[in-house]
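Questions regarding the structure given below will be posed in turn.
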Amino acid sequence: MNTESNETRAKKFGMVIDLDKCTGCGSCMVACSAENNIPVRKDESDKLLSITWIRVYRITNGKDFPDTEICYFPRPCQHCGGKHDDGHSPCVSVCPATATDYDHSTGIVSQIYTRCFGCRYCMAACPYHARYFNWWDPVWPAKLEESLSPDVSPRMRGVVEKCSFCFHRYQLARDKAYQEERDVEEMEYQTACTQACPSGAITFGDLNNPDHAVYTLKKDKRAFRLLERLHTNPKVYYLSEREWVRRAGDNYLSNEEPTGAPGAYELKGKGGH
Amino acid sequence: MKINRRHFLALGMGATAGTLLSPLPWKLTDDASIWTQNWAWTPVPETGEYLYTGGACTLCPGGCNLAVRKVGERVVKIEGQADSPVNTGDLCGVGLSAAQLLYGPSRIEGPMAREGKRGEGKWKRLTWEEAEAQLAKKLNSLSDGKGVAALSAFRSGSVSALIQRLLDTLGSDRFLTLPSLHDSLEQAMALTMGRAPGEGVGFDTENTDLILSLGSSVAEGWGSPVRMVKAAGAKKMIQVEPYLSTTASMADMWVPAKPGTEGVFALSVAAAMVQEKLYDHIFVSTATEGFPAFSAWLLENYTPKKAEAVTGVPPAMVKKVAVAFAGARRPVALCGRGKGETPVSLAEALAVFALNALKGSVQRDGGLVKVGALPYAVAVAESEAMGEKLATLTEKGKTELLLDWGTNPFYTLATSKKAAEALASIGTIVSFSPYMDETAAMADLILPDHTHLEKMQDVPVRAGLERSTVTLTQAAIAPVMDTKHTGEVLISVGAQLDGGRDAFSWDDYESYLEESCGEMWESLSENGLWQGDIAWKKGLERILGTSQRFTFVIPEGPVALPAEGSASSHPLTLVPSWSLRISSGAVADAPFTMKTIEDRVLTEGVSHVELHPSTARKAGLAQGDTATLATPFGSAKVRVTLFEGVMPGVVALAAGLGHTAFDGFIGGKGTSYTALSGTMVDSATGFNCTWGARASLAKG
Amino acid sequence: MSLPGEKQTGREQTGSSGDPTNKGESGLVALFFIVGLAASLAIGWIVFPKLLYSKSEQPFDFSHVTHADAVGDCESCHFFREDGTYAGVPTLAQCTECHEEVQGESEAEETFVNEYVAEEKEVPWKIYSRQPDCVFFSHAAHVTGAGMDCAECHGDIGESESLKPYEENRLTGYSRDIWGKNIAGMKKNSWDRMKMEDCGACHKETMGSKGACFQCHK
Amino acid sequence: MFPFIWEWVWDAGHYIFFGGMWYVLIILTVGLNWCIYKALKDTKEGKGSGQGHH
Amino acid sequence: MDSALIPEGVERCSLKRFTLGLVIPAALVIWGLYAAYLCWFKGLNQTNMNDSYGFALWIWADLAVIAVGGGAFFTGFLRYVVGKDELKNIINFAVIVGFCCYCSAMLILAIDIGQPLRGWFIFWHANVHSMLTEVAFCLSLYLSVLAIEYLPLLLENRKIDQNPFWHNMGHRMHEIMAVFAATGAFLSCFHQGSLGGVTGVLYGRPFGLREGIFIWPWTFFLYTWSAAACGPCFTMFCCKITEKLTGKRLVKDNVYDLLAKISGWMLGTYIVAKIADTLWWAVVTVPKTGFSFMQFYNNSNNYHGLWILILELVVCGIVPAAILLKKEWRQNSRLFMVAVTLAVFGVCLNRWVMVMQPMAMPVMTFDQWVLYFPSWQEWATTILPVAGGILVIALSYRYLPVFPQERELNPVEKS
């Protein structure tokens, strides 16, 4: 492995999610919530108000019994790179107060809660609904406050928050690497959802680094991205054998066949039962 | 000198100019915004040294090993232990959110005695000495020990043995656990393969190449959830159930059989295999007995054509499954609907055994295997006639005192209004639950145990692993509440019983634990895990092939249990739907897992039922309607969600909701499937094998 | 409203009080202005800072010099843990290693041993350089990675004989050392102020870029 | 907003954007101050209400 | 009682009647302030906004009041820069209406943001790529221009005018008003445009996304254009209502006619451009993103149906433009009122569609249409500035010489 070049080369952290493996168990959501001090309210059944940095959608092929199929679709922040991967992701370019930025050395879209003043323009801009607003003051009743992690600062009411690709884990891994005078290794920096996923559906790593699993996976024939055609340039790739799932990743006119840069996939799927 | 308006104006202007030239307004503006960034009511988590301790999860029977992340003295997050053979670093949402259970508002502060009416929620805090003395006094004052029943979360293990010992001292034989699929499987194994005490049934899903699941939620928490989720993502699967569950959708083939008829379907596949001569001739002829009679019985009663009337599965589909099953190299058939938390009828279990045996998938890689007994040094509790004894519990006037250690019968056994009332009429209820669950809320005396993050305790895993496994919970943190290890309490109370001094002579629980774990202790204390040898790969029997002896048994009882109630008043069939996001056992979800529940399952505290659009149309219901779901055992308000993946005529309701106790995050959310499900007693075993219920759905 | 062209006559007699010929009066007006100006300047520059910051003493005094002499270096007490995180202010356990019993004659040590060591109570030190919760600061990156000196950010506290009073902003809860001792925000030394601009200036100078937000925020 | 603030970059976007802003601010301030100055002068010179205004 | 404050030579109703008339708007203001207090102190959970509907009623109200407040800049532009002298008779009123509108916008923004005490970050830590930054800058600068334009009128109050300094100040400000007005027009052009950009640049939201020809996005011009067209309509609309309420004619017909004609031309050309824009979007932009045109309008409850597009373009676009352009029609007072009302409604509807529909419509294939109804707190805080505006206009009318032609049109009989 050529560590030299990997150290100097800009990293581009990304995720590949195998939808054929995902069982929708929700471990990623819980692991994320626990890792990132996400507040919980007494009633979270209104999903338009419930904060889940990674949300697992459930989609169906729309066919009738018994040809129905479902697929779970985990959706973290897509960490869009913007049209030419220049960092003008939909949300970053609209934030009036620079409370969210695109880190060109990691490809991660940040969200700084203490800077955000809650105009919610970024939420309007994000087609993935990956951004969440703190409508309430966060409350941790009883001793629940004791379970908060010091790695992520709890958000105050009135600001927007979103998935950070567990950037604090990168920071901690780097701290250790500094002490040992080396670079961070692939497995040292993994997001909480990746780590928790029981079916191993999520793979995380540096999309620029040929030694990382995601580098190969993103080029898989089954790979596609969400709303590729909007040119948001996400760093989350999805894999599926099933054509209808891949098709659900984007909007197509009725006469169109799915295309897309990474998803130069074939249109033969497992095709139902 | 006259001071007029102009002077004041000048003074004001000077003051304004001066203020603007001073840091006051600017710094205040800045500081005001910084104040919003540090509101005193937004917590700032304390930092400290980061460290991980080991542990084990007891929130389901899965037996996952934990890595508990701590910062300083606080437990911050639960993760899976990377080198665990059970869960290899991964964990389900319920297990992950245990830190919230630990610190959560549903924790019980300390030992308490009831004040006021039962279930009223008025308590008197006791000291541990008082609480233990009260329990001992109560037990000593009983006229007859037979009135005492004890429910235990585990069937074996150190604490279970102590409970059994306590009952022995009192002269009661009513040691109970919640029966599961494994109780049925073990009885089937005893009949077909022979069974020594303590032996269990496992499925070697790691090495299988095809899983034929008869209604089991492989992807949603059957067995050891993390292990099975992995299998669901990696293995070929055929799923038999009337509802398009995740497992069904991930499966390579979904066979929607009518609710409750999975066992019949299994027999029809077996019949097809016999008919088409697809079975493993060598295995059947060399290693089995009773095949001729069994096959004749099959062909007489369960040919795909005949079975179709019961299962609704066309013969062609049965044959397709038979060909696939027979054609696989190492297939395995497994059963136990949903998470396997309820037993199946003995006949159904025997059918599944027979199906595996026809393919030779018993006692071999990737098949159904015998799991060795755990080498506990103390008496391991095994209850005879558990079904009957459990049924007694829900009969009025049969129980004087009930001890509950982690089974929460007021939720798990209250399968109808009647059953709930009978439980509530028990003279004295003693709960050891660390959480204010339904049973603790109805208890007279609460002696709260530590949670699994605060205590050291053996956890015998009974989740269909291919080898016997015990894990060890560890005290990652000093008790958060004024709780006490139930083992410790039992030793102390036992010693206070008449004639209990000798039976409970240990100094403390820890020394008892070490003693009771016997030969396992070294590995347990060192690795947090003990695993037995793979029994069927060991010894002379393996070489001679005698370990694989199998007897085909023609079941006596019914394969598919009928549902109570008439088709006219209850035209639909209610089945549970399962999810790893909802804990369906004794301990309810934590706030985080409640967050993950979809809005098509629960909204604003109301459960949704899923039904096929055609079913809804017939009932005059539309998406989002509020409706009353009624079964012969109770009724509830629900909301309607249309889903094409439900068999017409079937209504699916998420299991595990509808808790009434716990805290504001969990309590009062949705409808309990259990409370509507009633009982279906398998005459062969006496177990409640409910798979669903007849139901009606009316608007409003 | 009318345009200048539309001349209008008829001057109002009431209320034209300002007869601007009185020199003495306008002098008095100026005086009032100056008084207002001076008073508000005094309030803003002198009184306001006094009101804004609360001053409090540390639980007991501590001499860095004495300790540095005794243990030899900073790292003995302020060290990196194995996982690369920085331990910061020593915990009671660390101090107790030496201070199980009173060694010298200092009053502070007596307080420490009697009130904290004996009671097993962590010392509630007030940390001059504590950044707000939103800041992620990696000591490893700065000390190990960039080889920076402690003094560059912490000043000469390592050579202090006793602890200065802790000043806290009543509104924000920050230590005054973060925003700057000087109310105007002026700084003479690199450690006089530790706001974001200060971090950014140094980053810009040494790394060519101020860095992405997440580099220092969490 | 000011070159000494963290987000400031010396690029075209900032030149145009803030250039416009400061330009307008300067016009407004200069204009207002000119009015005040002239009005003070007028008042000194004894012009008052009703004179030349209407 | 307050006769010393009332401009010379005009008649005003009794103070009692005036005060009584203001009871309702004042009550609405108090109600709105209470709602604003709730939003500030309890947070935005007081609203019915949600994570899908982050921009809602308030942002619409913001855009709408700014659009209709465009009368001030455009009339000012015509009066001072183009030199349409007749408009001096309505410019004061236009400025007051504009001032009220822009104050409303600022107030609503202050309530709308989650962290009002950090609102100034938008200036301090500005991201120059954000349309909202541009909006905030131009908005506040333009509000100060309006205040400057409003000031001389205030100084003309009879009481204030007695002070020589204020008198001179007002006089001097009149002299260079053209400079201020030009600056205001310049600012206004830009921020009306950037408001158009607010949704136009959302390239993740195909409903809002508009392509550009020379500049991106094209909505930039459309917004400026429509504000210039409909703003004067709103001024005339308010003016007519004031006339109705006071029972007096305040502005001569030729002034109305001139402004209406110009508005008609603006509106007519705007609507052509708007239709072209919609066509380009429907035929070119939308298919590129994978959507069919009708997907934007076919949600199950028809809340966001095609009717809204027809209403906006035809009923509230072509129809008022035609009326205003044809001399006989616009001089018919009924048709004139219909036209200005429709134009004002149309521009508000346009802002509604551009703000709300991108929020409501699903972009991911498995997403759903979202419906949203404002909470009473949102209604109250939105009504607050309207009621406040009524107060300001009423007070201004009573105590300031707003309408130069009033005396001429309503001679007071000396008794």
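In this document, chain identifiers A, B, C, D and E correspond to the written order of the chains, with residue numbering beginning at 1 in each.
One rule holds for everything that comes next: a residue touches a chain if its C-beta (ideal position, glycine included) is under 8 Å from a C-beta of that chain, and two chains touch if they have at least 3 such contacts.
Quick caveat, the model's predicted, so the values are computed rather than measured.
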Completion exercise
Computed over C-alpha atoms, the centroid farthest from that of chain B is that of chain D
Problem - Two chains sharing the most contacts, counting C-beta pairs only - result: A-B
Practice task
Could you please state the distance in Å, as a whole number, between where the Cα atoms of chain A are centred and where those of chain E are centred?
Solution key: 40
Exercise for the section: Report, in whole Å, the distance between the mean C-alpha point of chain C and the mean C-alpha point of chain E. Expected result: 46
Practice task
Mind checking the centre-to-centre distance between chain B and chain D? Centres are C-alpha means, answer in whole Å.
Solution key: 74
Exercise for the section: Return the residues of chain A touching two or more other chains; collapse runs of consecutive numbers into ranges. Expected result: 46, 98, 113-115, 137, 153-154, 156-158, 172
Fill in the blank from the handout: Listed in rising order, chain B residues that touch 2 or more other chains are 32, 35-37, 44-45, 47, 50
Practice task
Check each residue of chain D and list the ones that touch at least two other chains.
Solution key: 5-7, 43, 48-53
Completion exercise
Given the complex, residues on chain E that touch chain B span 115, 117-118, 120-121
Problem - Residues of chain B touching chain E in the complex - result: 29, 32-33, 35-37
Practice task
Would you pull the chain A residues touching chain C in the complex into a rising list?
Solution key: 98, 100-106, 108, 110, 112-115, 151-154, 164, 167-168, 171-172, 174-181
Practice task
Spell out the part of chain D that touches chain E in their complex, as residue ranges.
Solution key: 1, 5-7, 13-14, 17-18, 20-21, 24-25, 27-28, 31-32, 34-36, 38-40, 42-43, 47-53
Exercise for the section: Sort out for me which residues of chain C touch chain D in the complex. Expected result: 2, 4, 6-12, 16, 18, 20, 196-197, 200, 210
